[in-house]
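Letters A, B, C and D mark the chains in the order given here, with residues in each chain numbered from 1 onward.
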Amino acid sequence: MIEHLSKLTENIYQSLIKWRRDFHKHAESGWVEFRTASIVASKLLSWGYEVHVGRDVINEDDRMGVPKTEVLEQEKKRALSQGADPEWVEQFSGGFTGVVGILDTGLPGPTIAFRVDMDALDIQEALSNEHRPTKEGFSSINANMMHACGHDAHTSIGLGVAYVLSQIKDQLKGIIKLIFQPAEEGVRGAKSMVTAGVVDDVDIFIAIHVGFEAELGELICGDLGFMATTKFDVTYTGEASHAGARPEQGKNALLAAATAALNLHAISRHSEGYSRVNVGFLQAGNGRNIIPNQAIFKVEVRGETTSINDFMYQKALQIIQSAADMYEVEVNIDIVGAAKSVESSEELISFISQQAKHINEIHTIQDSYKLGGSEDATYMISHVKERGGHAAYIVFGTTLSAGHHNEQFDIDENVIPIAVKTLTLCAYNAVSYNTNRMIYNPQC
Amino acid sequence: MIEHLSKLTENIYQSLIKWRRDFHKHAESGWVEFRTASIVASKLLSWGYEVHVGRDVINEDDRMGVPKTEVLEQEKKRALSQGADPEWVEQFSGGFTGVVGILDTGLPGPTIAFRVDMDALDIQEALSNEHRPTKEGFSSINANMMHACGHDAHTSIGLGVAYVLSQIKDQLKGIIKLIFQPAEEGVRGAKSMVTAGVVDDVDIFIAIHVGFEAELGELICGDLGFMATTKFDVTYTGEASHAGARPEQGKNALLAAATAALNLHAISRHSEGYSRVNVGFLQAGNGRNIIPNQAIFKVEVRGETTSINDFMYQKALQIIQSAADMYEVEVNIDIVGAAKSVESSEELISFISQQAKHINEIHTIQDSYKLGGSEDATYMISHVKERGGHAAYIVFGTTLSAGHHNEQFDIDENVIPIAVKTLTLCAYNAVSYNTNRMIYNPQC
Amino acid sequence: MIEHLSKLTENIYQSLIKWRRDFHKHAESGWVEFRTASIVASKLLSWGYEVHVGRDVINEDDRMGVPKTEVLEQEKKRALSQGADPEWVEQFSGGFTGVVGILDTGLPGPTIAFRVDMDALDIQEALSNEHRPTKEGFSSINANMMHACGHDAHTSIGLGVAYVLSQIKDQLKGIIKLIFQPAEEGVRGAKSMVTAGVVDDVDIFIAIHVGFEAELGELICGDLGFMATTKFDVTYTGEASHAGARPEQGKNALLAAATAALNLHAISRHSEGYSRVNVGFLQAGNGRNIIPNQAIFKVEVRGETTSINDFMYQKALQIIQSAADMYEVEVNIDIVGAAKSVESSEELISFISQQAKHINEIHTIQDSYKLGGSEDATYMISHVKERGGHAAYIVFGTTLSAGHHNEQFDIDENVIPIAVKTLTLCAYNAVSYNTNRMIYNPQC
Amino acid sequence: MIEHLSKLTENIYQSLIKWRRDFHKHAESGWVEFRTASIVASKLLSWGYEVHVGRDVINEDDRMGVPKTEVLEQEKKRALSQGADPEWVEQFSGGFTGVVGILDTGLPGPTIAFRVDMDALDIQEALSNEHRPTKEGFSSINANMMHACGHDAHTSIGLGVAYVLSQIKDQLKGIIKLIFQPAEEGVRGAKSMVTAGVVDDVDIFIAIHVGFEAELGELICGDLGFMATTKFDVTYTGEASHAGARPEQGKNALLAAATAALNLHAISRHSEGYSRVNVGFLQAGNGRNIIPNQAIFKVEVRGETTSINDFMYQKALQIIQSAADMYEVEVNIDIVGAAKSVESSEELISFISQQAKHINEIHTIQDSYKLGGSEDATYMISHVKERGGHAAYIVFGTTLSAGHHNEQFDIDENVIPIAVKTLTLCAYNAVSYNTNRMIYNPQC
């Protein structure tokens, strides 16, 4: 079967590359992936998938960090002007840009889901010819939106997996689910898909990423050390006053924010594991001679465990509220992102490693890597495991031109077919030998 | 003579109002008063004044807070498109938007100078019909530029004084100087006119303002309590790093700025008089998950005396440098404004009060008012006094619709002729009875 | 009469010096002036004064900064061992160490009161022979208690005034009151005498001090610029935890106090006048490797007016409570001192100046001096004025060997008879010419 | 052999307990263990050991946190008064209270060293009868010095090991070294013994502790997670000034220290491992109304690795210097303690575990425990390993009455013979089967 899957994959090699470059060129940030999502939905439908989109797969209450209505409208127009299918776009209206494709074999068997993310970063792509996408004409045409993390490749991989599995549908059992998630950057989107029920029935769940510090041909399959995290914006509202004439009448939001920032960074280390805190952005005040009546700052806390992250978040709330009280300013806190810390299922990790050994292009399998970052696929992993399923997060190595989130970021595109082959083999072997959802075939 | 001056003033009443509204409608911020200055220069020339402009009256080295070249160029184009005379505008090119008109009687006598300022504030004017300028169609057509401090009236008063005195030139002695200063807001312009020599030969100097909390018919003539001030921008440059993956590699400019802000406000009170400090604006960092590598903040210190202001400024420098060192960030400090603390000459204050008693519309003369602000006319006052001359700063009351610097600010325009009458009477009586520059006529 | 008063004063010159040196040698801090007060009470009684002491003249509820019971007991024993009269001491028991002597002439007339203070500072007196009190054998024998502010002279002056007036009782009208106040240092005692009613019936009130920067022969009679002040101790109680093993379990009182200290100093300047704030002492934590669970700090705020001081105090409370909340520590605030800002009555100042011109030794009378300190006689001055009386605070110059509160502080004792002569002349002239309490004799 | 060693140990059971209680009763803090060390030296000598003490085994330059000369002298007198041998005490004069006993078998073989520590804590022992040492009459008679960490048992164990091994000397090969270290609390003593050469020739090194959370019968033999640490005192010296009269003339050491404390706690987390920072004590200022001219604070930083600790220390220095500069105060930094992070040698850990299985009283052997603290035996472990030797740190469980460093701390004394048996068996088996220093006998 691996030869057959390889052949099917090689057949669409040009498409895989073309798709990725097209997504790269039309990079769309979180919650505005109107064009990307409409292309994904169209293709899934054409390959025989049952397609769910929009509010069916996104729970409005749990979306985080959604842009303002004006931005959503403007980006919708932009997407349409860049060729997005108006019928699909309408269903994504308001920023409900998630897509789920379902391939039901009609035979009893486990439900296996693959999750990829589609959003770009709010970064202006490098425009010099030393940057290959620019030189070869596929760098982002959308200002301040760039695929600098590889989600364009993820979307392409998701489509490749969908296509290949559709071609061997009659050799599969159970149900295949392809989940295309919006707004992973800032860990804003996954929770809303979980509470919309997207992974409620999933027995086997695999989320993927490309890159990090792994080279092409490496697979990281094991503990990735994702930190739990909470991301939130704080707004302080005080009272302005002339700094020369009536300084005592002001309520100084800038000093409140400065006090909060310093004391947030002074939150105690935790003896049970790693923690992080950062005030990554702060803006306060208007004129030089006015006591600042307004401040906004962007905070994130992290923890090696969900419990440590909760400790950090609770301490942060206490500090932020107290600093506001200190300067008699009003405070508003808006959670804009969150992720959990979870570990992949050992059995599934072991199974995936077994499969990967059959892939010629994979020469190294690492069983752990300390990313030091956060991922909201953890919401899905956690949910699947809580309901008795198995879940894993794996990374396909690919040689990078620059680090993730750098304006010069680019990948070795050969990672795309490698990932398609590995994931389709996992799907085939996970579902074809048994109907007992949790016993993997040891021979594969 | 007062009757004659009154009549001359009443004759141009409509013009005074029209000029003010025209300047209001075409409000221009500091250093980009291209249109305003070219109108002033044209009129002075037409009334027989010798006109000096541009680099003749502005010393490039001492300009503070000048906009970037692109902004200057763009505003020059805007001014031209709003009807500014291209020949004059060319002489103001690069933001040298000062004008000085000289009326030499040819007879021996003192040199008396009047200084008005021409710049608007960086404020968006209120666009509701409850705001009279909007309702009557003369609110600012330039976005984010508004005459919310009355400098439009000052310019109109300056023109009125120039016109009236030109009509009685043969009854005057000595020299009359009309100084139209750019960029008073932020106390950025006066020093550059002083070091260009504009007040070197001045024996009697009067600067004016309208409004504050004085009503129409009031004159504040005495101690105004201007504080010395230094205004400066600080830029910190550190190193970015991923806040989750490599926090220890960052050099945190935001925390440096927060530390500086707090400690700046904690500078000790001074036993010899009032002081002030404000960090009125702070922006730091980019992304939430990046250790902030950049911060900019805007500071001002003030002192009841120049010496106290120097104390505040020296302490501030020490704190700003040390906070930078603490976080190993680079620091850049840019002085963008400065003013001195000075007092008006007692003899001149007394003289002006005497004259004001002859003006029917003035019913109240206050001898002191605590403004609590700063004014760069103090550079001129200080310079004139140091060279043996007499100088004063006076305020003509006018009922306001909202406080200074408010987007709803408007004045009672009747203050304009009152000021013209008072100042022209001062000019007449200061020069007509004697050739000894410092003996005022007690009878007038 | 001045000759007579001078003669009476000269007659007791040796006693005045002896008394002062005795008080100096047996210096007693605030609320433990057991020996000093018992000597004062005895003498007043022997000179025919009606004497009120202890709880009659001190309201327990309004005493501030009273030492602990053990200290009071121990100091009582010390006083007895140093010769204090046990009967009087018993009435001062518990630290009620105030004395009021009343000389009622039986004739209608105003009530005139003189207030002196009796307490020493918590300072160890210099023990080198370069310090005259040590060299001449009258430096303090009580460790860490020293008359370094001149209250020993004040007490001696008070006795001198009492004696001289008792000798001319039949030439006086109205009522003479001599108020000997405890615990002026730290502004702790006056309020409790005011609320005990001590100055309720006073028409003319004069409080005195010696020294400052005035030389012997100078009198400062006018505006002294006393600031209102509130002095308080703060205790934070958190939770200890091992800083290596369980840092997250601590509630850090030290960081709470550091945050409070910084932000207290950053309280806004006030546009209506001077203000001050100081955290003069801070102690927090125990061991290096323990999260500090305890902090204590001593704060004072001041204001040019009582209202500004209230502003400072309210802001301080807000900051102190919020910093406690920030670190989840308990807070306790204990007010240990307070004074008002008041001005002397103009008429009385003028009257005293008139009298002082008759004193040969006084060669200079200044009408203002900016002390920059606080004084709780202001409570009495304020109370007398509120009830329609006149009150003043004056300073008799005396050449100092070192500044106030310095361990080498010493005075020129000739200030004592000068003060006695001036004050007795004031008493005589204030009461002898009229029965209308508020009309001073302009001839005197 | 184990039976023989057990018998020898049981024979001295009463002595082991008596010794421990004697040391407990005469608890001596770091660098003043005059009595304890003299008893140890006497016994070692009497058992045939070559004894080195004082400056022979302590390098003066590397001692940290040594008390002042007066304290050393006073404690020496106290020790003599409590029966310390004057001849030995003289050799410890100046606080050189280390003892090393050497037993040379004369036969080729490895050098095996055991290190115990002798110092008490600066804690006042509980004096209630609920505390067994008090009830049974052996609680500390030295105020504020208490064995609340078990070093009294360690010293007793060291003596027991020395005695037992001296009894089987003819069955041993190589060299036995017993190291009795002063001043482990505060990690002050070990470095000075290392640089004096005490472990230069050691092939096998074992340091021990009793207690932590392990019960009697447990042995923790493996990774203990000691953090590297640096401990230091900071003194700031500014300028005092009256807070009301001349606040601007002060240099505020309290605010400098508050700023330093806050920013020290805000030092970035490190991505490569755990870190810690604590300002455990801070005292600043004198009087409430004086700008504080002095501050002292006690700091410690820790790191999971020596490199992370170095990062923390360098950042701390930068912050402390910059906060001093900010307030123009002088700074003095005094390192008073330091320890490294190291891991025990795997081979030695394995060997000790093997031996422990032969000890009946040991029922559980744990291979790791996260102490979260620091230990300066790490200097010795690191040095031995760097020179090719093997080194380990092990913990013998003992049921505690209260946690370490608690005033109610007490142990189950049965841990003493257990430790003696285990360590002597290790010594016997490590040296008796081979002359190759690094090959342990697998059978034992």
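In this section, a contact is a pair of C-beta atoms (placed from the backbone, for glycine too) under 8 Å apart; a residue touches a chain by one contact, two chains touch by 3 or more.
These are the chains along with the protein names UniProt gives them: A, B, C, D = Peptidase M20.
Just so you know, these numbers come straight off a predicted model, no measurement behind them.
Peer 1: Any chains in contact with both subunit A (Peptidase M20) and subunit D (Peptidase M20)?
Peer 2: Neighbours common to subunit A (Peptidase M20) and subunit D (Peptidase M20) are B, C.
Peer 1: With chain centres set to the mean of the C-alpha atoms, which chain is at the far end from subunit C (Peptidase M20)?
Peer 2: A
Peer 1: Can you give the whole-Å distance between the Cα centres of subunit A (Peptidase M20) and subunit C (Peptidase M20)?
Peer 2: The separation of the two C-alpha centroids amounts to 70 Å.
Peer 1: For subunit A (Peptidase M20) versus subunit B (Peptidase M20), what separation do you get between their C-alpha means, in angstrom?
Peer 2: 53
Peer 1: Determine the centre-to-centre distance between subunit B (Peptidase M20) and subunit C (Peptidase M20), using the mean Cα coordinates as centres, and give it in whole Å.
Peer 2: About 50 Å, centre to centre.
Peer 1: What are the residues of subunit A (Peptidase M20) that contact at least two other chains?
Peer 2: Correct list: 245-247, 252, 255, 259, 262-263, 265-266, 268-269, 271, 276, 291, 372.
Peer 1: Would you pull the subunit C (Peptidase M20) residues touching subunit D (Peptidase M20) in the complex into a rising list?
Peer 2: Touching subunit D (Peptidase M20) from subunit C (Peptidase M20) are residues 186, 227, 229, 231, 242-247, 252, 254-255, 257-259, 261-262, 265, 276, 278-292, 298-300, 302, 371-374, 405.
Peer 1: Help me check something: in the complex, which residues belonging to subunit C (Peptidase M20) touch subunit A (Peptidase M20)?
Peer 2: Contact set of subunit C (Peptidase M20) toward subunit A (Peptidase M20): 245-248, 250, 252, 255, 259, 263, 266, 268-272, 291, 311, 318-319, 321-323, 325-326, 328.
Peer 1: In the complex of these two chains, what residues of subunit A (Peptidase M20) are touching subunit D (Peptidase M20)?
Peer 2: Listed in rising order, the residues are 262-263, 265-266, 268-269, 271, 274-277, 372.
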